[in-house]
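Which chain is which? They are A, B, C and D, in the order written, and residues in each are numbered from 1.
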Amino acid sequence: MTVQVCADADEAVAGIRDGSTVLVGGFGMAGMPVELIDALIRQGASELTVVSNNAGNGDTGLAALLAKGRVRRIVCSFPRQSDSWVFDQLYREGRIELEVVPQGTLAERMRAAGAGIGAFFSPTGVGTPLAEGKETREIRGRTYVLEYPIKGDVALIGAHRADRMGNLVYRKTARNFGPVMATAANTVVAQVREIVEVGAIDPEVVVTPSIYVDRVVQTGVPA
Amino acid sequence: MTVQVCADADEAVAGIRDGSTVLVGGFGMAGMPVELIDALIRQGASELTVVSNNAGNGDTGLAALLAKGRVRRIVCSFPRQSDSWVFDQLYREGRIELEVVPQGTLAERMRAAGAGIGAFFSPTGVGTPLAEGKETREIRGRTYVLEYPIKGDVALIGAHRADRMGNLVYRKTARNFGPVMATAANTVVAQVREIVEVGAIDPEVVVTPSIYVDRVVQTGVPA
Amino acid sequence: MNASTSLVENLDRGPLSKDEMAALVARDIPHGSYVNLGIGQPTLVADHLPEGSGVVLHTENGMLNMGPAAAPGQVDPDLTNAGKIPVTELPGAAYFHHADSFAMMRGGHLDICVLGAFQVSAAGDLANWHTGARGAIPAVGGAMDLAIGAKKVFVMMTLFAKDGSPKLVRECSYPLTGLGCVDRVYTDLATFCVGPEGATVLETFGIPYDVLAARLDVPLTPANGARILPPGSS
Amino acid sequence: MNASTSLVENLDRGPLSKDEMAALVARDIPHGSYVNLGIGQPTLVADHLPEGSGVVLHTENGMLNMGPAAAPGQVDPDLTNAGKIPVTELPGAAYFHHADSFAMMRGGHLDICVLGAFQVSAAGDLANWHTGARGAIPAVGGAMDLAIGAKKVFVMMTLFAKDGSPKLVRECSYPLTGLGCVDRVYTDLATFCVGPEGATVLETFGIPYDVLAARLDVPLTPANGARILPPGSS
């Protein structure tokens, strides 16, 4: 359906419910939808499950959301970083649940959700603690572990540019999880540096087609 | 490894062995690697399994390869077309095996081969003759059928432009199966309309990164 | 029109032409929908979408916001629809590869697809790819992916085959395309909702409900349990 | 160097510095390889690739043909490596999203990846993501995908931990990253092939083979069953 071009980040995150699963784009700060996360803090939804590569850096963005006690559970590949003190403390105090997922499995499980795949056999993690309790199968001489989709109620992503239909392009390695998460959530919200007219993005270079995008908001300065 | 920039289509298809599985790009004529197929006919490999969306049109390209009796088995979604008389006759005479695969399953099975996925549960085809004999499973209330990867020994694809490293871009709907097949074969051969210097393709718009491409050949006229 | 509206018997018009059926389908596509139109008759629906409908057309061979068929001078062999017919692109279009295109379909992102059919069952089973005839060459294309992928599946077909047999049936006798996947059936004589609750008649065209029901070997319910003749009907 | 070469005991040099180990790894990367260098020590390998090596670096966060770390004036927050360090792009680069990047890894398209390790077993099992210590926060990142995905996995590590325990072991005691995935181990004291046949010593540095073997609790074989002192060695 037609994309909603929002006046500000608060409008863009309106209606997110307590208990939602929120996919949050970015790899470190590249592609991190900081303004949307700040708006989500103001919006107030709690008991969230957050799916993101990391578990927050420093005291802003995802770390600030965690610090407010809004996140019940985090699904990520790499929570522990030099500046992940907010998460570290919550985790050590038993105030947040953690599911560690290999990074490629995290991406592929979201892709599966977006692509209508019910489950898939992955070679990643076989024989490791992260495959414990999971179904395994030998296929053509190799062992695989069965992985299930991760679907979001909401995805918050950062992109470089949107047109007014919702087509998105990204910039350099800030692309990372954005295009995958955009396929894997019921409501996809993108913050972008600039919104351009329909037709201003070459159809050959669109990375996230408009069909996936529900709301866009321009934040910060066009690059 | 470093891409081989070939002098002509014959060099590009050299070494394809009898009995190979050959992925052939294109949807109808858009993206069809006609010059590579013609070279494959001259090259002489036989007993081939061909994986392609269609089973040849008219008397040229894939149809000509079939007419020469080089193809033992074809895996495709839509063999029967108004101008598929070469295939139709071979099939009715029992001289070619046919595996019909839903188009999206065909694409996804090749993607799985390229992405290291051992098998995946798809909702497509459940309860239909094309799922007969396949393992099914109910996951979260929906029934899925288990599908396995399709891997090629060789992929022959058509693209619009290559740089001398092997990065590829396509044009409009001629993109179709090319990018997927490029991930799914041991040797990937691309015919392109023009070969440009390294650096002449914007890294943001590369569709098939060089890592997937083994040989490129310039055919026809740059558009 | 939705299933809670009462049955309307249009006795002053019908059977509908293909274009009239296409116009009915077009009327039921909400503003801004992402839609895939199957090869053949469903393609006609595009001609009946009103100016400013905001409807975005998907083609399985890797494009969103496909435009009309190419005029003779516009033909670009790199730009075709699923039927291999040269088409055009509209502003805001996007191209993508086949795995992405079918991920979009299978993943439930298309709002509506419109397909032709050999048979549809009251439960919404679809048969539209293979007559099962001996010697026929099977060819499925993207039909199975569309049937199970789109949020809503609309079928456009004549209600009776050339031999007079009904195409809305208790159980499909032709090989299936998908199980319980059809939501709405648009025919020359009537429109139906189908699904787990069975078949509901929404509108008839040139035939009273009772006559229609007698010609079909399918338990039918009139929409909303009521039957309404539009004003001016005989 | 390949495993059919006879063992070389370099008694005039070693233990190797990190840079010397990185240079050894760089020497063994064939021209034109597509390579992923893990976070930390493996990053040093890039500095030892010769001009014109044709090696293309992959970073898991979605890029091929990554260039060196960004100089202070070049920093672009949209362009980092897997360690979140600002980097640069080389001509012929390509960007792609995370699912595509890990499909590339898992699908076996990278020729070589170079990783650090806590432990490697003689069979090639790798432990490099988690010490298993109580209270430690697990964080795996892309290590498991790289370990099972790349055609060849090279490990760079010191042969002994700070507490003196060997890191080349019969069985890893730390939680595994991957089973039987490591091909080559580069350490300060020796280089090894590991795998189903067990551990083979290719070269030693500053330590004779016999002394090395006595310090490890792993059955070892000298490469090609023969031991060769290079000319000029004492």
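As a working rule, a residue touches a chain if its C-beta (ideal position, glycine included) is under 8 Å from a C-beta of that chain, and two chains touch if they have at least 3 such contacts.
Keep in mind it's a predicted model, so treat the numbers as computed, not measured.
More C-beta pairs in contact connect the chains of B-C than those of the other pair, out of B-C and A-C. One simple way to say how far apart two chains are is to compare their mean CA positions; for chain A and chain D this gives 31 Å.
For this pair, chain A with chain C, the centres built from the Cα atoms lie 35 Å apart.
Each of residues 108, 111, 115-117, 122-123, 170-172, 203-204 in chain B touches at least two other chains. In chain D, the positions touching at least two other chains are 63, 89, 95-96, 102-103, 105-106, 149.
Interface note: chains touch in the pairs A-B, A-C, A-D, B-C, B-D. Every residue of chain B that touches chain D in the complex is listed here, in rising order: 1-2, 111, 113-117, 163, 165, 167, 183, 198-199, 201, 203-204, 206, 209-212. On the chain B side of its complex with chain C, the touching residues are 27-31, 53, 77-81, 87-88, 91-92, 98, 100-105, 107-108, 110-111, 122-130, 160, 170-180, 207.
Every residue of chain C that touches chain B in the complex is listed here, in rising order: 59-63, 76-80, 84, 89, 95-99, 101-103, 105-106, 125, 130, 135, 137-145, 148-149, 175-179. By the touch criterion stated above, chain B contacts chain A in their complex at residues 108, 112, 115-123, 137, 139-140, 142, 144, 148, 169-172, 203-205. Chain C contributes residues 30-34, 54, 56, 58, 63-65, 89, 91-96, 102-111, 149 to its touches with chain A in the complex.
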